[in-house]
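Residue numbering begins at 1 within each chain, and the chains themselves are lettered A, B, C and D in the order written.
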Amino acid sequence: MARGPRCVEHARRASRRVASGILAVAVAGCAGSQNVLDPAGPPNRSVNHLFWAMLIVSSIIWVAVVVAALWALISRRRRTREDLEPVVIVPNERHRREVGIVTGLVGATVVILLLFLVYDFTVGRALAERPSRTLTIELIGHQWWWEVHYIDPDPSKLMVDANELHIPAGEPVQVKLSSQDVIHSFWVPNIIGKRDLIPGYTSSLFLDADKPGVYHAQCAEFCGLEHAKMALPVIVHSRADFTAWLAEARSPAAEPSDSSAAEGKKIFLAGTCSSCHAVTGVEAYGTIGPNLTHIGSRRTIAAGTLPNTRGNLGGWIVDPQSIKPGARMPSNQLAGKDLRNLIDYLETLK
Amino acid sequence: MTTPSPTRQESLGSVRDLPTVTFGHRSLMWWGTLGFMTIEGWSLALIAAMYFYIRQNFLTWPPITIPLPSVTIPTINLVLMVASVVPAWLADRAARRLDVGAVKLWLLISTLMSLPIPILRWYELWSLNVRWDTNAYGSAAWLLVGSHATLLILDVADTVGLTLFYWFKRMPIKAMSDTSDNSFYWYFMVAIWLPVYLIVYVGPYVF
Amino acid sequence: MTNPARRLPPNESAVTEPAALPDATPVTLNEDVLIDDARRLEMTWRDGGGLWGWLTTVDHKVIARRYIITAFLMFIAGGLEAGMMRMQLARPENTFLGPDRYNQIFTTHGTTMMFLFAVPIMTAMGLYFVPLMVGARSIAFPRLNAFGYYTYLMGVIFLYVSLFLNMAPDAGWTAYVPLSGPEYSPGHRVDVWAQLVTFTEIAALAAAVNIIVTTFKMRAPGMSLNRIPLFVWAQLVVAFMIIFAMPAVAIASTLQLASDRAIATHWFNPAEGGDALLWQHIFWFFGHPEVYIIFLPGLGFITPIVETFCRRRVFGYTAIVLSNITTGFFAFGLWVHHMFATPIPELGQSLFTAASMMIAIPTGVQIFCWLVTMFSGRPRLTTAMVLILGFFITFVNGGLTGVMLASVGFDKQVHDTFFVVAHLHYVLLGGAVTPLFAAFYFWFPKVTGRLMNETLGKWQAWLFIIGVNLTFFPMHILGLNGMPRRIYTYLSQTGWGPLNALVSAGAVIIVVSVTLFIVNAAMSWRSGLLAGANPWDSYGLEWATPSPAPSYNFLNTPVVLGRHPLWDTGSPLPVVTGLRTDRREVLVTTTFDAQPDHRHKHPTASIWPLIMALVMAELWIGSIFTPWAVLGGVGLTLLCMLGWGWQSTAETDVERVATEGRIVEAA
Amino acid sequence: MCSRSDQWSVLGGRWSAVSVMTAVALLLLGCERENRRFSENPPTASPTASALVVSQLQPGPAVVRPQVEAPYDDNAWAVSEGKMLFNAMNCSGCHFQGGGGIGPPLMDAEWIYGSEPDQVFSSIADGRPNGMPAWKYKLSTQQIWELVSYVRSLSSLIPKGARNGRDDHMMTKPPESSTPQTKPKMASTPPEDD
């Protein structure tokens, strides 16, 4: 199998073609691209090479076996009833040849498997590399949303966000994973394979993306009623943009300027919102729902379920159970005016 | 070639003179018993493995604030179990001799010796000095002892039933073979208790 | 009798005269005597009439037939659930099923297919055919066998009543804690799952012990270990796997999950020293062998079908036996590859990767042996053979994706996605269900006495092959496109819509194909062509007795001179006589070289298996609602044991007892 | 044999009838317990008048208190949601997992303001003297009803099937599913401040 490397060469070219083909199907909406075959970082790129290599070899084997079976069944087939046909007696020399053939085939199988194994180990080692110092992000899984902590040596600079993950391109970011309730699984198909968030365990992986853009992560371990609607847009910035974004995001929520937003803030604090949601710098410390300090700037609401528009926000506040049945958010009966003010306020939370 | 029709047969001999009741590994029942022993022994082994897996989650064993298990009653029961092997063995011998009188006698003695064991087992559970719902240590210890207790109760019931039958009804001769298998199962029951006893009651003192 | 050895090539199994038989001078048996024996045997072995007879039967063929039919009904039920899931997923943001209902449906689908269809139907095939193939009058423990079936039946009823009570489990067939634990699954839904598993485990274990003892002790004289039919070898290996795999899940579900939920034990509570990963270890220690438990019997079906329709003795009998055994061993060393995404050491992962790749070798060996056999045979494309072709097309695909999944790097990308869903359905539908259909076509005449319709059959076979591939191949791409499994809906921006529509269309084809099969089976059972004893001119002992086999299986116990009895010996059939006809007797032979050892008195009809199963049902179902049910259940169980024992020691009879080296006549 | 089989088929008929009836019974029991009632439209109504009774003595003729159905008393999922709220709203801050401390215990027989669903509802919604805040502005009516059923489950006043098992935390008290029922009685005196 000296053709190994060349297989990979073919694979790389093939992958681009096929992947783009499939991408044509997978429209990247506001949800962002979500595709293993469209790598956005070195780790997934090497996994792709491994995949295409194994796929090509496997396809050859499959075709060979099926053709052999078909040939055997068609070429010497008969239409007679059994008892008219004597039981075939295989002469010794043919039997010896058959032994040779099967031994050869088994040998080939072993060789191919060993090559797969070696290749897999090399890829595994590449993935296992641990960069020296990096930015650290804590990701906490909840039924059914994501809590994100941007860690900083200076604890006062800790930034809490939810349902959106921002990382810089070109440098590995350590993501520490833990769960508040049941097992979830963090998976950004374009960037890296999944890692489970298991209660009682903390694990971590390194996000190493080099293509700025919006990618789509989704919970990959069945976690109950709304497992299907527990997504997490991952935004890969250029280094500069990321620093700017982080600095801006660290500042507490600005005081609303216009009157309606001020009204909305009152409703937010006096009403049911603040008992479940927190907003940094405001008298709202709820822990059941996502932190809303940056809700205004998020691309989606309800954990990647809806584009973040005025209409969707209003619909979600009034009747979340028809959008995400079983989610912890109760329906809220609000007068039209109050609702408008509340949304005005939420939109100021950039 | 033509296949043989069911009514065209040629005899290569007759099995008329073969025995119809056999003992030990010749009899089907012995193999069945062996099969269930394998299942039960393996299940206990798995539970023991889980016990040790749970052990890794604790710094001390038993966990702090949990007292060590008391060993008095377990040790008494252990001695009783080992002793009860003797009448079981004698019942087995008697059965192979087809000596009904001896079988009845030794079965009765086995019953009398084995009946207290499940009762003591109840106090044995409490000698763990921890409840099943206190923590994972309690759960593991209770499951290990409790699952053996379940098998034990079934086997004691088996012995009791056999004894009752032998004393109060005319038993077919093949019951002799069952008697010997019953003893066989009792040896196993005692044998698998030894490791459980060591792990659950002695273990915490050692590690 | 002409020595058949002359008709055999040297490389075939050494054919010898059966050694150490009481006397080896062949006597052709008088037909009138045989017919007379047949009548007496029928009187001795047949079931009582009426409902009572129906409830008390211990005939392994009757019980196994009920087993197969019930399990096939479960296949249909599971299929309907799959259909509902495909309806829901056919287009984005569909509202046919809400999350609550969908989770119950997909959990019931998985649970049904794994626990109530796949394993039971495979063991049931064994319970029906192993005694016939080893030339035994019956199975080793017929009452245990009946008990096993009734227990399984209780489980079936239990799950499906719960489904209609909105009480079906909804945590997935893997029931991962803590989601399935007391805090996140309130109510009794998961308890239903936990106890249902126990029902099916007990049934499977009973079947396994029966198959092992029947194979070891009740083989026809001359059928030494190296002459056991490959079908039976597969069943034997699987029986051993069941014995070592099933207890794990029984413990995990009943003794740990259920007690965590009911009596607050802390097995899976991290705060009290429990461990959520422990569940995954135990579950997959059972769950991975489970896959092989399901498709090894499938591979066992293939050999006799290929041999019969290619008119050639299989190439590499020994190789196939050994690969069965190695698969059985390896299967217990792979479970961690279901847990690559969890925090476990990398070294361990690579070891399991290696093991998971290497297990492809034994399976490969079997496939090559069949290919060679077909090449030098004279194949006839019956429906069964078409389905074998379908096996090659489908199963090999599933096996190759399996090898790919063994790679940690790649597995972490597609684990828990539709790629894995595709893989496991390719393996199970290709490796187990396709051969199972082939087996149905092949052995249907033995069970019913009538042949199935070949034309309808070929349509069904091809539709099934096309349907399966159309349904499950696109799922690979969906998985790579990032579609996780077990989601009840997806947004249209994901772009998964078109392929999902295609998948649902494929599902429709499968439904059509299975419907065709049911129609064909029903029609043929009533009015198919009469088959006769051996319609395919095959070689196994099951074909040496009329179709359907009489209640006593064989007039006289056949004697085996090679691996392919009927092909090796030709006619007349060599037998041993001397089993009593006035009471149920089976011949027990020695474990290794199957020399006649003794005649065993076989149990008669009994109601106790059914009663015992009902008591067990009371125990397990009741335990969900109150712990007192356990106490009551144990008490009733002890009573049942008394009753059961009383009946089995009821009639005394003069026996020839072999003890301490002598034989005593005693009663 | 024949007569026997007939008699059995008769029995068989009776049995099937019995099993059908049990199935129906199960249905009635099973359904509500396993139901997941995500959104109530309109959200469950609150009791009309706050029916607060502090002593058995009543002026004038005996007044019949309007009975209000607790919507979630036999719904396991709603009760578990109530438990989630109980922890998230820091009820334990005063009631200590129901053991009582700053606020009165919720696991015992003493019910100062009554154990009836509507009484518990108004205790939570409108608040009570000596520090119990009024939650009706902070929680939706549905959530308060979920809390009501959870609080009642603490002393096993709701059916066993609906009560929760142990949760994945330190074991501070036996789970509601295995707490013995305590017959509620009115406290003779309101609690003194502390």
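Here is the rule we use: contacts are C-beta pairs under 8 Å (C-beta built on N, C-alpha and C of every residue); 3 or more make two chains touch, one makes a residue touch a chain.
The structure displayed is predicted, hence computed values, not measured ones.
Centrality by C-alpha centroid: the chain sitting nearest the overall protein C-alpha mean is C.
Note on interfaces C-D and A-C: more C-beta pairs are in contact across A-C.
Distance between chain centres (mean CA atoms), chain C to chain D: 47 Å. Between chain A and chain C the centroid-to-centroid distance comes to 38 Å (mean Cα coordinates, whole Å). Spacing of chain A relative to chain B, judged by their CA centroids, is 52 angstrom. Mean C-alpha positions place chain B and chain C at a centre distance of 29 Å.
Residue positions of chain B touching 2 or more other chains: 1-3, 133-135. Residues of chain C in contact with two or more other chains: 100, 178, 183, 263-264, 266, 269-272, 275, 537, 567.
Residue positions of chain A touching 2 or more other chains, listed in rising order: 83, 86-87, 199, 225, 325-326.
The residues of chain B lying in touch with chain C in their complex are 1-23, 26-28, 31-32, 35-36, 38-39, 42-43, 46-47, 50, 53-54, 57-58, 63, 96-98, 132-140, 142-143, 147, 153-154, 157-158, 161-162, 164-165, 169-176, 178. The touching residues of chain D, when paired with chain C in their complex, are 1-2, 4-6, 8-9, 12, 23, 26-27, 30-31, 33-36, 38, 76-77, 79-80, 160-162, 164-171, 174-175, 177-178. Those residues of chain D whose C-beta lies close enough to touch chain A in the complex are 36, 38-39, 41-43, 81, 84-85, 88-89, 137-140, 142-143, 168.
Interface residues of chain C, counted against chain A in their complex, comprise 7-11, 98-100, 103, 171-172, 176, 178-179, 183-184, 270-271, 275-277, 308-313, 315-316, 319, 341-343, 346, 349-350, 353-354, 357-358, 360-361, 364-365, 367-369, 371-372, 374-381, 385, 389, 392-393, 396-397, 400-401, 403-404, 406-417, 477, 480-482, 484-491, 493-496, 498-499, 536-538, 564, 567. Interface of chain C with chain B (complex): residues 1, 18, 21-24, 26-29, 31, 34-35, 140-141, 144, 205, 208-209, 212-213, 216-218, 221, 243-244, 247-248, 250-251, 255-256, 259, 263-267, 269, 272-275, 278, 281-282, 533-534, 537, 543-546, 555-557, 559, 566-567, 569-579, 585, 587-588, 596-601, 634, 637-638, 641-642, 645-646, 649, 651-653, 655-660, 663-664, 666-667.
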